[in-house]
Each structure stands twice: as C-alpha cells, then as structure tokens.
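Here the chain labels run A, B and C in written order, and each chain numbers its own residues starting at 1.
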C-alpha cells in the first residue's frame, strides 16, 4: 500500500440517485409498499365471499356481491382500467424484482469468501428468509394467475371446474373461487404462500419505514406493532378463505 | 473475580499475503489466565511461535483500550467476540471456558481485502470520509463557540453517532457486507448539528457514491451491525441517513448552477 | 550547538501578535511550490497537515497506523482546556498561563505557555465549527468540568472521549484535504531516517509497512508530530505502536533532545495483574472530580474487602495532605502520594500496588443514574478489564506512565536545532515543563498544529527559493536509504533466541524501577550500567522471524525497541544530571521534610538539551536558561 489511493467517485463518476445502492432500496421500499396496498385491497375485495352466507340466508343467489365486485373491476374505465392496473402491477414487479436481484447480487459479490463460523444474533427469521420468501411468492403469483385468472385446466379437477371466458363475457367468479379451494392441495399451497407473504411483509413494512427514514426511537415499538398487526391481518384473512371452503362454510 | 487458568485450542486463519489462498491452522494456547485480554492471549501464542522458529500471527491492534478501532477479528463467528459493546482488545479471557475451541478469522468483505493473516485493508473507509464526511471549516474561520447554541438533545445524539471508532465490525457482521452503519453514523452526526447543515445534502450523496464504488453490499435491515457495534451505534442513524438521501434525491441541484435570480 | 529560543521581545501578552506581524509571508500563488512533510497524524500532525494544505502548500502526511484516525490522541478521555471563562469563575488567559507554568513546576518557557493559553480559545471555536460534539448545558451552551491543578472549570469535554472527538475533527479536516488532492496520505508507513542536506532537514526515509519498500521522500520542511516516548517503560498507557523512533533518529542527525527525564506518571490507571500484561489502561482524571481516593489506615486491613473497612479506619490521604485541592491535586503529586502509601505497605489488591478510588459518596449524593451519565463509559471500561463492578466495589487504581514532557528541543517557532525540522505536540518539549496538567495535552497538540506551525513554518519557507525541493538522487538521500536498509538487514540477521517483546519487557522493568516515579543517584547509575548490557544482548540474541519485504510486526517492534534501548540511557543520564526534584522528576535526595519535591532554582532553572556526539560517546549537555518574569518562582503548594 504506497500512497493512499484517493480516487473518489464524486470526481470520476456521474451519480445516479435511483440506481445507487440506497436508491434501489428506496425503489424496493416504495414498490413493496405499493404491493402491500394492493394486497390489502385484494384481501378486502375477497371478503365479499363471506357475504354469500348473508345472501343465502336472505334468499339471494350466493356470490352476487362478489360477482358484482368482480364485474365492476372488469368494467371500470370501459374495461381498460383492469389492464391499466395489471400493467402497473407488472411494472412494480419488474422494479421490485430488479432492485432485489441487483442488490442481492451486489451483496453476494461483497463477500466473496465466507466465514467458517458465522454466529448471527440480531436478524429476525423474517429478514433472513426475505430472499427465499420472495422466490416462493414469485412462483406462487404465477401459479395463482394460472389457477384462477387463466383457469389452466391442469390445475384443477374436472368435478370442480374453473371457467373463464376469454371473450370478456360474464363469469361466475364466486363459483370459481369456491371450486379453486375445494382441492386440498391448492388450499395447502395458498396457506403456505400466505404464511410466506406474512413473513415477507412483516419485515417489509418495518423495513420500508426504516429505508424511507420514517423511524424514530419514540415510535419504534409502534412500528413493530403496526407491521405485526398488518401482516397478521392479511395472512389471517387470506388463509381463512381456503379453510372456510374446506370446512364448507363457503359453498355454492 | 478470582483468576483461573485455561487451556484452549485456537483455529486461526493464516494467509501470507493478499495473493495467498490462506488456510486455518490449529494452535494450542496453554496456561492462559482469565485476567488476560484476548490480544494478550494471542501475544502468548505469538511468543511461543517465535521461539519455535515460526512466524507469529499478524493482527492489527494499537491502543488496546477499545477506542482506536484498529483491532478487529471474527471470534467464534462474531466480530470482536461474544461480549456486547466490547472491542477485541477489551475482551478478556474470563469470557471463555477451559477446553474451549476458538475460531479466529479476519473481517471478510470484498472491500476489506486481507493483507496478511488477520490484518485487513480498510482504506475504503478513508475514501468514504474523504468524499464528504466532514464539515468544511478551514482553520481560523470559526466564530465564537458559544455563538451557536445547540440543543442538548441534538448534541447528545450527535455524540452517540460520533462514538463510532471505524473498526469495521458492522461490515464484518452484516450478511451483505454493507457499511451503512459506519457511513450513517458520520452523516447523522454532522446532519444533527447546525454547523453541518450547509453540506448536508451533498455530503450524503457524495458519501453514498463512494460507498457504492467501494463494493460494499446493500443494507437489508438485518440489524446485525447494531448487535456487534462496540460503541452502540444505532440503526436509527441509518434511517436518518436514508431520509437525508431521499431528500437529496429530490432536491439535488448540480454544482455550479446559479441559485436562481442571480 | 547554540540554543537560540528566538522569543520575540515585548510584553508577554504582545509577543505572539507582534511575532505574527513580523513574520514573512509566502505569496498565495507560490505556496503550492513548497512541499511539506508531516510525520504523525494525531492531533498535532493531522491539524497541521490539514491547515497547511488549506493554506495551499503541498503536503504529504505519514503515519504508522492504517488510518490517521487511529493515532493515540484518540485515547485522551477527559477534556481540553481553554480560557473561555464561560463559567464566570475567574478564568482568564493569564490564569491558564499561570496555572500551566506553576503546574509544570517552573520548567517551561513562559512565552510558549502564554501563547498556548492565548490560542486555547481559538481551538474550541475551531473544533465546534468542525462539528465536534462537545457536552452542552440544557440551554445549548458549552459545558465545562474541573481538572487537576486548577481551581476553575475550564475543561471542555465530549463525554469520556474528548481526544477521540477532537482527533476525528482534525482527521476529517485532513480527509477533506486528502480528498481534494492537496494532501497525499501515506498510512502504514514508518519513518526510518531524517535526510539532512547541508545542515538543513530536507526529507525523510520511510518504510512501507506492507511491502517493506524503503524510499526517500523529499520536502522543503519536515514536521515531526510523532508523540511521546513513554513506551520506553513497556507498560504504559500509550498505544502499543507508539514509539520514539522518529524523534530519536532526528536526534542522531543533530536535533537536540530536551529534558528527556521529564515523564508523567498518571495517578489513575488500572493496576497490573500479572506478567502477561501488555499495556495499562487509564481511567480519566475527571473521575477524581467525584471519586475519593483512600487506602486503609492499618496494613492489616489491606486484604479485607473494602466494604468491611469502616470510615474511621480509612486514610483519604490526598484530602488529608492537600486540603484545598484534595483529590484534584496535580498528577505528579497524586502519583507520588500513591506510591508512598504503597511503599508503606498499605496498598490494596492482590499485588499490593493499588489504591481505592471510591464512588460510594458520589453515588449517595448524586444517585447512580447521574454518576452513570457522567462516567458510565469509564465504569464500563473498568468492568470489562477487571471483571469488577465499580458501582458496588471501589475501583483500584495505580499510577502508570502516561506522557513525556521531554522531547526534541524547539525554539519559539517550534523549529528544532536542525533548520527545517519542526516538532509539534508531545514530540517537542516546550510547554509543560516538568509536569503536564490534565487536559493540556490536547490543547497543546491542536495549538501547535492549527495555530502555530502554519505561521512559523510559512515564515521559514518564505526564506527558501520556491520549487527548490531537492531530488532523491542526492547522495544524502541515498545514504539515508542505505542506512535504513542496513539497519533492517542487521536486525533480521541476528537470528538469536529472544523475542523483541522480551527485551522490551526487561527494559521496562529497569526503567520503571530506576527511572520511574522516584529516582536516586545509585539507581540511575545502576540503570546506566544495565541498559548498555541489555542493548548489547539485544544486538546479539534477538530473534525476528520472516523477512523485511512483507508485513513483519516483529521487525517493526524490534526497530522501535532498538531506539528505546538508546533513548532510555539518555533519560537516565538526564535524570542523573538534574540534581533537583521538580514535577514528574523526583530525586529522592532532594525532598522537603514532608516528602515534597524540592527544586533547585539556583542551579537547575533551565532546560537541558542533549546533543548526540556519536554512538557510544557521552552526549553533550547544553543549557537554555529559563526566565520567569510574569510568574514568580515559588514552591508549588496545593495544600
């Protein structure tokens, strides 16, 4: 080491805020938070499934509310709305994935040789499993789309068909919903995926506030509580659907 | 606390120079008093090696009172060893039991290449500070020290951040080998003080640009750094730095642009 | 050799201002045509390097650590003095000057000390502007605390890490210049030789501690800010790497070494536990604000648990002997008092070399949380090292070598007897006389680096032709490189049986025994016969594994110890020749009936500066008389 090398990035490189390490973290945090918003909305929308119980009791056709809600989504903005949202979500997935992938690769490259002994003390399981849960969730989203949106025949059995209409005609979403969860394997996949989702967003919500600098010692505990409650609410409601179908609380 | 004598087995990383692949070697450390510091235990091993005609273990150390930040090694998988808020030099052998096997490795990160054995090159930290970790106050230009009252809470919080000794344990402990805690401690200290305001946004930007150029990993909020920091630097500083960085991303104006109107 | 102090004329309070005006200036455009080398990056080195670079000079800075931020100034705990009088308790520049001269037992140069007191206020301003987080009151203004040897609160502090914070301030100023390219920084480099051309310092030889490469580096002025040589005692509060090599090799090239026997023994260090001990750790003097020092009245009580010794059987000896200063008596006096009670057989701890520093009263009076706020980090440090909890059991402390007031002789401009060689901070001898007061080392390091050297070095450079830095091809430079290479080959070639540490430990024992807290003629003569024997054995029986072209910590250590083996002899010689007691230099033959130091102002009111006359020859002792016109020579009294 002769004279200290003092090549400074500020003098030699053009700095890009968004592609810097912290910039990508910000992108990850913001897109992640948008997902949490979407997931929360998705969950609330699905709660209409439980209205089928009320509908049956009051003599209406079970699933009316859910179907109306689904048709509303499909028709909003003359049918373009849903494609707009889908495009937006795809954009978020790409950004979130790009930020995650590049920062992960950077981090792996940052320690080319690992330790023989490595004793971790502080990191939560959720934070350690972020990358695993992320991969599982990505695979799950593909499965979920193929299962209920595309209605791939291989993914459900003949006696509980999932019928989609590619031409945009009216579809019985509630019936598909119940049929989808009648398969115990599919229910199992949903339950496991939602537990993963819970871990992922539990660390995600906390991490989001840290990355955006919203933390303050005074509210740190609150931050953990909010993250925990939010994650638990999403997981709890989401896994209640397959369980309710399996227990015949939801049926048609 | 009464003194006890320990016999230990050490597994130590030996690497001749930066090019060497390196390997673990096993040494016996016998008749070690619990009153010794960890480095004094290694002194005993080294003296023994010299007498046997072998090369002693090279390790960085200097003040041996936990403030200079020179020493640092990973002891049984933890930078600075098992005790909280303790540097390697302050770790004493009473933290170990007779018959223990202790694994000793250098801090590992691409940004901290091994120079020899347990000695690593941390000059990346120098460049991060040189890129912006200061307040530009040329000698002689200062006003009276009391002309600028600083709320005690700000001064205390700035001192918490300023306690960083630049040892690099945060990088060594981070699963991503990220240097966020080190960097944020300086950004936070200077950003909390009124003197640090003029350069606040350019500082964080320049320092992060340097951080990225040094090939540290990215923070994913594992919080391992906070757990091993010998000076209790808190994650809170990373959040504060992120906030400043966010602000700099929105408000940054390239240098030499006129401030409008003039 | 002539010792010209170059003190400006005029009244003491006008000297520095007048001198600043009289000094020659270098045209701003010409400054970049001069190159300045700074060796050492502690408070004095870093502040000087940064300030000189800010002015426009080309600076190169060398340090043996892996970063300038790790220099041992960082370990200073308590604080930094300044005559701000923010507390309205009667402080003034003159009082700080007076306290420092008196605290130094009238062996410092008045003019230098006055200048130090004058710039002390600028230091605080400068450090605050850099973002040093000094402790503050609730109103946002700066807080102060008291320190030994003063009856005013003038010590500014940043918890128990003042040295760290001041150093980081200077380091950041330096890093800024390094980033701007005005300073070239060479970490992990150790100075081996001084290059003198036609009697003028023009460069240094350094060893790259990673590659082992030895090179000459040339400049127009050399600033040594390499700290003190207290590690000569082996066990000291210095960092393991601190050494006297740069100063010693400059001495061997003709720089006079002044008052080498003036070493400071700090009263509050954690006691030694055994032979394995590699260094001693200081507990800040600020602890004496609230801690009370005592030992048992009776020898028989020494092995009892401190809690079992009733109040009536305790001897609070500092409060008893020095009622007005009490536990805040100056360091030399407190250390000696501790030694006396231990010599009496009343020391505590397993070795009998320790006294209690008790916080029970403070905890009762202020509450544990207040004590924690003030000293928490120090208590924690004590617990880490000893395994004892000072909230429950009193601390055990004992004196240890901590600072060297002696150093290379410099004139008022901080220039040594070799023109072009400036010496800053602890490495010079100038400001603390025979004893340094607490919180004054930080003040002096920064005063020299920020506010003195940038002026005086400029004055020197103004007399040199711009762009006239000699090249490394000169035979003086080549010779110096050869000497450095030869020394390393010689050390590596001995191939004996003993390790460098073993020699160092032996030397330390000799020095602590005969040239430590109390000295006498017989002991010093004994040391003067033992040291050459040890040195001879060193050059016959040293063992260094490895080679010179790689990181070799044994070789680094051996080089430093080889210098300590020579420097220690000069210390003993100086101690022998100074036939009086003053400050940290206590000759048992010269003491009052009460055991206090007895100065001899008739014969020894001077600086002794030693001139090297060749290896194996007795060095020449030169004298710079000291004149006290503003503080009257008096027996120090802290009763």
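In the analysis below, contacts are C-beta pairs under 8 Å (C-beta built on N, C-alpha and C of every residue); 3 or more make two chains touch, one makes a residue touch a chain.
All values derive from a computational prediction rather than experimental measurement.
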Counting C-beta pairs in contact, pick out the pair of chains that comes out on top. B-C
When you average C-alpha coordinates per chain, which one falls nearest the overall C-alpha average? Tell me, please. B
CA centre of chain A versus CA centre of chain C: separation in Å? 62
Distance-wise, how many Å sit between the C-alpha centres of chain A and chain B, to the nearest whole number? 37
Measure off the straight-line distance from the CA centroid of chain B to the CA centroid of chain C, and report it in whole Å. 27
Where chain A touches two or more other chains, by residue: 1, 4, 6, 8
Of all residues in chain B, the ones touching two or more other chains: 115, 121, 123, 126-127, 130-131
The positions of chain C in contact with two or more other chains are 178-179, 185, 187, 210
Which positions of chain A touch chain B when the two form their complex? 1, 4-10, 13, 15, 17-18, 20-26, 103, 106-123, 127-128, 130, 203, 206-207, 209-217, 220
Residue ranges of chain B touching chain C (in the complex, touch as defined): 1, 3, 16-17, 33, 35-37, 39-40, 43-44, 47, 49-51, 53-56, 58, 60-70, 83, 85-86, 90-92, 94, 115-116, 119, 121-123, 125-127, 129-131, 133-146, 148-152, 155-156, 158-159, 162-163, 165-166, 189-190, 193, 195-196
For a test of understanding, state which residues of chain A touch chain C in their complex under the given definition. 1-4, 6, 8
Touching chain A in the complex, chain C uses residues 178-179, 181, 184-188, 208, 210-211, 213
Chain C contacts chain B in the complex at 47, 50-51, 54, 65-67, 69-72, 74-75, 84, 86, 122, 124-131, 133-142, 158-159, 161, 164-165, 168, 171-173, 175-176, 178-179, 185, 187, 210, 237, 239-241, 273-274, 276-279, 281-282, 380-381, 384-388, 450-451, 454, 497, 499, 501-502, 543, 545-546, 550-551, 553-554
